[in-house]
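Two complexes are shown next, each including subunit A; its partner changes from subunit B in the first to subunit C in the second.
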Partner chain A sequence: MIPQYKYYRPKTLNELKNILGQLKDNIHILAGGTDIVPGFIQESKRFTSIQDLIDINSIPELKTIKEFDGKVSIGAAVTFSEVIKNEIIRKYFPLLVKAAQTVGSVQIRNRATIVGNFVNNAPCADSVPPLLVYDASIKIISPAGEHITPLSKFLLNPYETQLNKNECVTEILLPIPTNNYIGDFYKLGRRSAVSISRISLAFLLHKEENIIKEFRIASGAITPIGKRFYEIEKAFEGKEISSETFMEIASAVGEEVLKTTGLRWSTAYKLPVVQQMLYQLLERNAGGSSR
Partner chain B sequence: MENSFNIIGKPVIRQDALEKVTGKAKFADDINEPGQLYGVMVRVPTVHAIIDEIDYSDLLQAKPDVIIVDSNDIIGTKKVGPIRQDQPIFSFDKIVTPGDVVAMLVGESEDELKSLAKKIKIKFTELPALTDPTKSLESNAPKIHPQYENNLIVHYPLRKGDVEKGFRESDFIHEESYTTQFVEHAYIEPEAVIAIPLEGNKGIKILGSIQNPFTCRKVVASVLNWPLTKVRIVQAELGGSFGGKDDTMNILSARAAVAALKIGKPVKIRYTREESILESYKRHPYILKYKVGCKKNGKIVAMKIDILADGGAYSSMSPFVTWRSVVQAAGPYEIENVWTDVRAVYTNNPYTGAMRGFGSPQPIFAQESIMDEIAAKLNLTPDEIRKINGFKPGSYTASGQKLENHDVNLLEVLDTAVKETNFTSKWKENKSKTNFNGYQLDKISETNAEQLILKKKDYINPNEQLRKGIGLAISYRGCSLGAEGIDAAAAYLSVQNDGSAYLLSGLAENGQGMKTTYTIITAEVLGISPNDVYYLETDTGLIPDSGPTVASRSTLMGGGAVKAASDIIRNRLEEFLRTEWKLKPQAQFLFKDGMVSLKGTDQLKISFKDLCLSAYKNGICLAAVGWYKSPEVNWDEHTGQGSAYFTYVYGCQVAEVTVEMGTGKVYVDKITAVHNPGKVINLLGAEGQVYGGVTQGAGYALWEQLTSAEGKIRELNFDQYLIPTAKDIKEIKPIFVEGKDIHGPWGAKSLGEPTLELTSAAIANAIKNAIGKRFYNLPINLEEVLLRRKLFPKDLKRGSS
Partner chain C sequence: MIINFKLNGKEKSVTISNNKRLIDLLRDDLKLTGTKEGCSIGECGACTVIINGKAVTSCLVLAQQVDGCEVITVEGLADGDKLTKLQENFMKYGAIQCGFCTPGMLMSAYALFLENPTPSREEIETAIEGNLCRCTGYKPIIQAMISTASEE
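Entry: the complex of A and B
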């Protein structure tokens, strides 16, 4: 059932700030609406309690992707389809493009926004692992001003972030990679389209000769929220690229996932598979099969 | 005749295609009547209970003028059902499954009614829930319907020869058990119906997404205690059915009719997807045990089959569905000794009924899996074992019926499929690569979680990640209803004096393209274009009861009736021409491209249009009702022997798959579907049947499963219940081997259901060929492939985990 709510459609960031300042409880930002509308229908309490809905699609700054000072900014109302088509993103952040292509269907990608994907913070949000390995930060505005925070800190628990009631995420900030990275995004869904992730992974690897100089890895769907594995990344920097190393990485991630999530109904399947597919992913992209 | 067809066998675009792809077609929920009200269902949050009291006082206090409709408003039959009348229109004594409805609130706003429904206080006494069909027949099992002695809905035995003697004479015996799951029809349009009371005591008109208008009429009339003539059922454009818009729609129509007559206004009921999946019936889950005795030379001499079908809370179509199973369970194989028992039982699960395939996909999955296993024991290829045992002309079926009077071309169909796909060499090549030792997760125990951390030996060589497999399955299928019941159909054709024609049949367009098929048949007989034939709206008031549109019978039976009606008109026109042109009685005519001429000469010629005008002016009746009745069949209930169906069709599907060893994901690369549908009427329609049926069959094999937690359904929408998308099935190749038959229009028979029934077995056999593992439990999803079991969340929460 669709609740009775007040609808706002600010045209500028200042207007948005003013509205955020005036309103109190149960306000919600509307970007693509692909979580909100099904949430109404499913009578999810997160959405049926909404009293004020602020539509940010008329704010031009939030519809843009731009490059500046070695960074790329993606506005909060930019859709997955726009990300997929954007030349700047395609050039610097191919994993994000790949992840965006696996989200839902064409119709969903035409509406859903990349910021909405992580603000909703479902464990299976496909954009999160690539954004994490690209060291994304986000800009948040409130009536009091604005601040920037790393995405990894922003995400707290499933469906829970640091975002306060009177705040709105306005953009994603992605530092343009300075090294040459090998990397990939992997998603396992039950189907080949319109599929919720059972497992998602993203990694970036910078090598010199045959040595791992820098390594970044993040998961989605297998951990309660998308997360980076910083300790594992550090532990394998300086190691030689080989099948053995990749197996060790995969098993180390497996142990970390087990430690984070414990035994769940899906563990018997997902835990071995995430290790296996991480290994396959590393082999496929970074070569090194020594067998 | 074969070479002289004008339209038959060519691809013709469906009459309703443009309207449907442009969104202009009017479905039941698009139809609105002035003053219409909506009906909203009231359910009880339990699986099995006795209803003690329904207290409306709080509701009436909140809204005194709310309209409540329940069992007390029903004058006629309170419980309905095709064989056993065990399903209430509104539940009044018991709740037997969570979809049950105790009352309906009627008003202007569905949202308001939904909140008001929460004010109804229903007192009930919970009873133990019976969700495991294997426990249904235990003496201490809770009785679902106390009026019956026990939970047995039906038991069909089949006894041929001496099965124990057959086993004694066998060189080896192979035994296996298989299970299949609940599946949902997943029609794109959820249920919708509107009941309109007619002025002047003329009765009631019901417009809806109704698969079987005549069955619906019978149910509504019995609930209202009215004569059939006062209930008119008109079919709206229907957004998919697959057997699923029968019982549910009949009951919804009855609820709408009772409400509309109570308040004297039109009442519409339209379901959300959640309500649709909650209340509608499903495909029967089966537990199948097969025991096969075989000679060293590959000849099967004995087969013993025990099948248990979960009928769910109501008997519905279980007696018919399981009857087809008992006829066909031994497969298209000539076996001297067969002993089959098929039982359907009650549980508190969602009730099960008709669904495309109708009791055949389950036994085919089992029987075609075990055939491959027997072949493997004998070191034969899958096609060799089938060639040894498969039906030939004159073979006797398990029910003792001699296969004759039609093309028994099973082996030709098989051979075509094998050659087309280069089956044998691919199968042997894949089989040689199946040795695989690492990563056998079904051998890991997870009591010790550390075992789930992979060791070096568990990691798969990237070159061995993807395995290819090929597998096949064959079937025979009895056409139409067989000994299930009366089998006849009508068609009405009225040719106008300008040469155009109205056509209507007593069967219904459920999305299968039947209207187009019928206009082609009339156009072929009269030598006109299908565009000159205008198909009327399906209305029970205008055409004789032709039985249900089920059992892949519309082309065979309804098509036969259309051809009969068309032949009547053509004969009258020919007779008229003989008089006009002063010809001898044996003179023959050619009806082609809108012209009619004397065969073998160019001298005597008239346009069809002018001929019709001339005949009309001479008082010739250009309207006719064609009737097509099936030949006699017979069946002995005690022995399961008899001529079950008057004709059969044969099919073979070959599945080519890739299995990802790391995840257990199965990719369907190609399905080659070779079918004998008799004569193909519309090539495009026939190919469409194959594409759709194969896709549904693949869904059954790999993804689809409806499950419950403590009797409550988990998958209430398509976020949880996964049907295949276009991206999940790569290539489907239909091939038609057109057998000759004396029945049906020009020998056209059945295709709709055979296309679905084979796919899961072919895929299961292909997976075995790829990775060397045999699977016994559908669907063969990710977890099944790696762990040999299914995993389910412990609660009903939606979203990922």
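Entry: the complex of A and C
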């Protein structure tokens, strides 16, 4: 059943701040609604107790993608379809475009927002691995003001973030990469369309000659929440690019995933897939056949 | 709450007393039952309508959200008794069996043609990725869409 929440549709950021300041409990921000509305129907406890629903789609600043000071900002009401079509994003953040294209269906991508994807923080959120490798930060507003925090710190546990009740994420801030990166996003679902990720990964690699100068890797659905593997990244910087190195990376990431999740019923299947898939992904993009 | 929006080309003003989804507003209040409810969670595409030129599943939209928008449902395609080329081709190629997915399928197809009158086969397949059909195996549907595109 649809709960009898009170519906607000602020038209400016100031109006949004005022509403956030007046309300107390069980406030929820509505952007795409593709998790919230079916959540009502499925009687998900996360949504049925909502008393005040704040629709942020009529705030023009939150519908824009813009480039400034070496950064790109994506507003909180920007949909996956808008991200996919945007020239700035296509130019600087191809992995984000690739991940966005794998989300749901045309109908879902026309409503669902990239910010909503990680605020909901389902382990399978497809935008998270690319945003993490691109070092995304997010801007949060509250009646008291605004602050910026790295996405990696914002995500706490599955379906849990640092966001407080009277706060709203207003934009994603992505630093424009200054190096030339090779990279890819990989998603394995149970089918190709309208599927929930079982395994997802993104990586970026900057090389000079045949040496790894910088390496970034982030997981999605294989760990409880999306995370970067900073120790592994550091360990392989300065290493020579070879099939052996890629095997070592794949093996190290697999071990780290196992450490994070512990043994599960699916481990016997998933672990070799993660390792083999990552190895092939590195080999295909940065290995012998790509040179 | 009063919701003002354009529905199938006509201005509408609807008063709703309870919170509801767009699909409920269309089917229960406005008796436009061409839009079907299948899965209720945005996976089957049966409830697809067009909002401001974009295909969306009406089970994932709240009625209040269409205030100020332009909505097209399957009832808005034909001009009186005159069907669109797309609908004619659905019949010609047997793109319909039980018919439950048809309204949603037509709306996803129509939204694609609004944006791109001459889509490739790949673009056609992507456009209907979010529409399940358990009868036809999709081939006649894709054929009907390819024919519509080639007649443009």
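Following the convention adopted for this analysis, the second predicted complex is superposed on the first by the 288 of 291 C-alpha atoms of A that agree within 3 Å, B and C clash if a C-alpha of one lies under 4 Å from a C-alpha of the other, contacts with A are read in each partner's own complex, and residues count from 1 in each chain.
Here, contacts are C-beta pairs under 8 Å (C-beta built on N, C-alpha and C of every residue); 3 or more make two chains touch, one makes a residue touch a chain.
Note that this is a predicted model, so its numbers are computed, not measured.
Q: If we overlay the two complexes on their shared chain A, which of subunit B and subunit C does A:42 touch? Say first, second, both or neither.
A: Both partners, subunit B and subunit C.
Q: Just subunit B (first), just subunit C (second), both, or neither: which does A:55 touch?
A: In the superposition, A:55 contacts subunit C only.
Q: Which partner chains sit in contact with A:26 here, subunit B, subunit C, both or neither? Use first/second/both/neither.
A: Neither partner.
Q: So in the superposed three-chain picture, is A:107 touching just subunit B, just subunit C, both, or none of them (first/second/both/neither)?
A: In the superposed model, A:107 contacts subunit C only, not subunit B.
Q: What is the contact status of A:149 with respect to subunit B (first) and subunit C (second): first, second, both, or neither?
A: neither
Q: Considering only the touch criterion stated at the top, classify A:193 as touching first (subunit B), second (subunit C), both, or neither.
A: A:193 contacts both subunit B and subunit C.
Q: Between subunit B and subunit C, which makes contact with more of the residues in subunit A?
A: B
Q: I'd like to know which partner A:277 touches here: subunit B for first, subunit C for second, both or neither.
A: Only subunit B is touched by A:277; subunit C is not.
Q: Check the residue A:4 against both partner chains and state whether it touches subunit B (first), subunit C (second), both, or neither.
A: second
Q: Based on the A-chain superposition described above, do subunit B and subunit C contact any of the same residues on subunit A, and if so which?
A: Subunit A residues touching both partners: 38, 41-42, 193-194.
Q: Looking at the complex, which residues from subunit A come into contact with subunit B?
A: 1, 38, 41-42, 122-124, 188, 190-198, 221, 243-244, 247, 250-251, 254-255, 258, 263-269, 271-273, 275-277, 279-280, 283-284, 289, 291
Q: Applying the document's contact rule, which stretches of subunit C touch subunit A when the two form their complex?
A: 1, 18-21, 24, 40-43, 45, 48, 54-57, 59-62, 64-65, 67, 108, 111, 126-127, 129-131
Q: What residues on subunit B touch subunit A, complex-wise?
A: Within the complex, subunit B contacts subunit A at residues 111, 114-115, 272, 439, 441, 444, 446, 449, 452-456, 458-463, 465, 662-665, 667, 703, 719, 722, 724-728, 781-783, 786-787, 791-794, 798-801.
Q: Which of the residues in subunit A end up touching subunit C in this complex?
A: 2-5, 7, 9, 30, 32-34, 37-38, 41-42, 53, 55, 57, 81, 104-108, 110-111, 193-194
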